[in-house]
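What follows is a single structure, and I will ask about it in a moment.
Labels for the chains are A, B, C and D, by order of writing; each one numbers its residues from 1.
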């Protein structure tokens, strides 16, 4: 069972640091934690075999402090670094630095990270691999070029920044007369946010679902397609809140086409290790959106239905070993849902909160998995992501998974900060969600409906 | 999904009360808790929809207080009672009283409980059904009768009380000259303990494994055989400590014979609802020991490998519905292990402890299920069973399940009372356990070896 | 400098601890008190009172403020004697119904709790003046639930 | 009677709380203090100190006993000025090595922390008399780890 790694430094914090620590320990690999001064009492520090403080609270000086992290790896004798998600996980330069110091970066090659990190490059590669992408342009050099595309594809269209993310430099254009103004404001915004004002256009799909495919590939040419996840329940900021696998109401033919495309994409990028291909689904059609070259927050729903440990496979692949499954060994079983318990106030635009946790009671029982760094008395520092815990419910079918999740959320007690738990119960018991197959506009519409109801109640 | 029950009273406490509460809530059935004055702050009280105090701390006056429990059911409008395990779960009279008050007893018929509760009757029924039983006698009326059997079967033989349990009235006899004295002392002990001094003899199997079969039957004649569990890791008191499914190192032929016999046994007893047939396995042979006519502590290992919710099925069967699976739907997947976290000191003959829990950190992550009524600040009253929590690890194979369990136990923090956690880590990392297939003498031998080592270290 | 800060931290902690503590003892029922420290832990748990009492009459909240600075605690109010239910069932009052302030003899049957068709009489304990009626006609009652309060009989 | 018992419970709880609390402040570092009650909760958390300090010299443990009865706290000892590491690396001392009690100038290089082949000098901060040497030759050090202590320079 033991992977060929001698010691793994985990360059992350919170639940994902614990997740990696668990996989290492189950494979008998010693671990090294890094932490900021704000995380001295964190569970990920206590559970690791060694731990190094790498800087003060703010991420830029600790969890992104590459020299201190590499130095900690060298001093402790770690021969591999797992970046988790966020922080340095999709930093091609960091992956190169690891390589230059003889440390295995547990993830894809720097080249793959770099290629997929630039949206225009990623799209070009996918087009070459015959992966369907949203009809769109290259970088637009002029208003005329943009207008010609919009005419051809039909309004509405979407302006996007090539260096973009998080909705910055993005504009929906519903008619020709808005186009010029939108192009110029999107470009300035992109320039301000990323130092790169280049934009391109895409056909706007108005009610898409977010469907993503989990892939896993080793250095021996084996590629596993681990089904899809539906992550359409997103906050207005496009951050995922509830994810599930398999995607509800998808036909067998849709799936077959999706998996074939995913396999082609992985081969086109010569991708190695775990990754996720994100698609927008529009009825029977789907379009490549981007590839995340790391393990994702929502990976446990895939683990639940395939009964596989993705992080262990990541470690094996990084050690140059073969994946421990072949595609034919894998069979999805039942349905899984993940809810993100965030220290946020949904009634106040999901404003994040920090504080100390007074009472922590986590759910348990059949079909419930909890991944968290929470404990009673733990503090939630203001510097980092607001996610406190992930709850994963697995059932024989979607109805059972939902029923389990609802009862698990009702069992969950986190006092000291506001959380997304009550709001997620609302979503899970909403008939539209229960029917399955909502689009990414569902949650914003639900929120708008609620504030209208509240406003009506007040007046 | 909704079972036809309107409201369920849960006549138990601790983790099993929560387990039943979870199944009911997932099926949208309201619940009624009962509790003793010592359990006022217990989680099973907080999680139920209604709760009635039925008596003071000692079980005899609360959890066994039949009039108060039935009255609570009638007042609250509960149409069914789930007895959990222990307390009233195998009390045929209680099942009758429920029936007489128009309340469904969630378990088998009073007749089945009564027949299986008397060991001699149970054995007779099984012999008639051609279920292999340990070679033995009926009630022995004379020393001569006993001697004749011992001669025929060969020494060693075992004297057992017909009303027995917990080792009371039990004697191993290794040679003819010990027989008369052993018979007389076993009989007096049984008379003192159970008010019934009748004893019988059995061939003593010296290194048996404890293999049990989970069964589930509905009122429509469907019988499911849900594989076996190996519960050979038992304390010197014969209480189970670690259970697993499937049983390691059992051949396909052994399993086929075992399941066929289990099906015959269920049909012979016209058994309905969940039950467990316990066998002693001796090489390729196995012998019926007893049938437990209730859900068992270790049912989650079966749930893990078959991906089934046994308690929900119990509720469905009690409502007169059909089981939601057929035998052909069921396929065991991977390996599961359960560890009982007890408030006991293994170094001091597993002496139980009571107290208040200062720190409680439960394990999580992939493949880990926790069933517990623990929370930080909860008190452990002295009146009841010392089990605090069950941890269940599921892996793709036995090695992964063991590795998961070890890392989960290392994550577990329960401060305030001594627990079985460190000792269970020792067992799980012991090469003999890791090899699989230990007999019921394994744990006592391990303990003896340790005290010898300690004694040697001191001298 | 660091020590000065800690010194005032310590004093602040104690002040912040003790003030609300006193108020709380005055206002409610302290259930648990825990101090959690690396090499030290303290836990104080109050004996449970029957649940229904917390919704009972004001006579039950006579917990005096304890004076940490060394002053004597105020004398507590005279406690009520409680008559509680021994069974789970439905309460039925006797006719004529008793009223608050009425003096009754020890043997007086104040009502009964009906459980499984059996009437379990509720008697007036040691008797005295009725200070509180804590149960309504036809109300389901649980084991240990206070039904009537009597003025302190001591 | 019930109230009398509760009254003495309350006093007992406070006594049992406060006594060990005082001792603890004297002996160790209070990390967290929590009161957990149905309608009230109090939590006091001490700001973290660098981990290595708890194993440092005695000069660091000058936490005075706080006097709950109102008396003035003892004056704290003079705190040490700490020189900590800004990087993760391996410590190497300068030659000749400094010794405890030695007075050094602010600019004095006491050693360096080697990280990724780069020597990050460790200087004497504001200078003064060396009160503690908290790192050994060749020891791996983390961010914020105290390396040297100086007598309070204020």
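Simple rule for what comes next: contacts are C-beta pairs under 8 Å (C-beta built on N, C-alpha and C of every residue); 3 or more make two chains touch, one makes a residue touch a chain.
Just so we're clear, the structure is a prediction, and the values are computed from it rather than from any experiment.
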Most widely separated chain from subunit C, with each centre as the mean of CA atoms: A
Dominant chain pairing [most C-beta pairs in contact]: C-D
Geometric centre distance via CA averages, subunit D-subunit C, whole Å: 44
CA centroid of subunit A to CA centroid of subunit D, Å: 40
CA centroid of subunit B to CA centroid of subunit D, Å: 52
In subunit C, residues with contacts to at least two other chains: 31-32, 34, 36
Residues of subunit A touching at least two other chains: 359, 377
Interface residues, subunit B side, partner subunit A - complex: 1, 18-19, 22-23, 25-28, 43, 47, 300, 303, 307-309, 333-334, 359-362, 364-372, 375-376, 396, 399-400, 403-404, 407, 410-411
In the complex with subunit C, residue positions of subunit B that touch it: 37, 40-41, 52-56, 62, 65, 67-72, 74-76, 101, 356, 358-359, 377, 379, 415
Sites on subunit C touched by subunit B in the complex: 31-32, 34, 36, 41, 43, 45, 48, 50-51, 87-90, 115-116, 140, 142-145
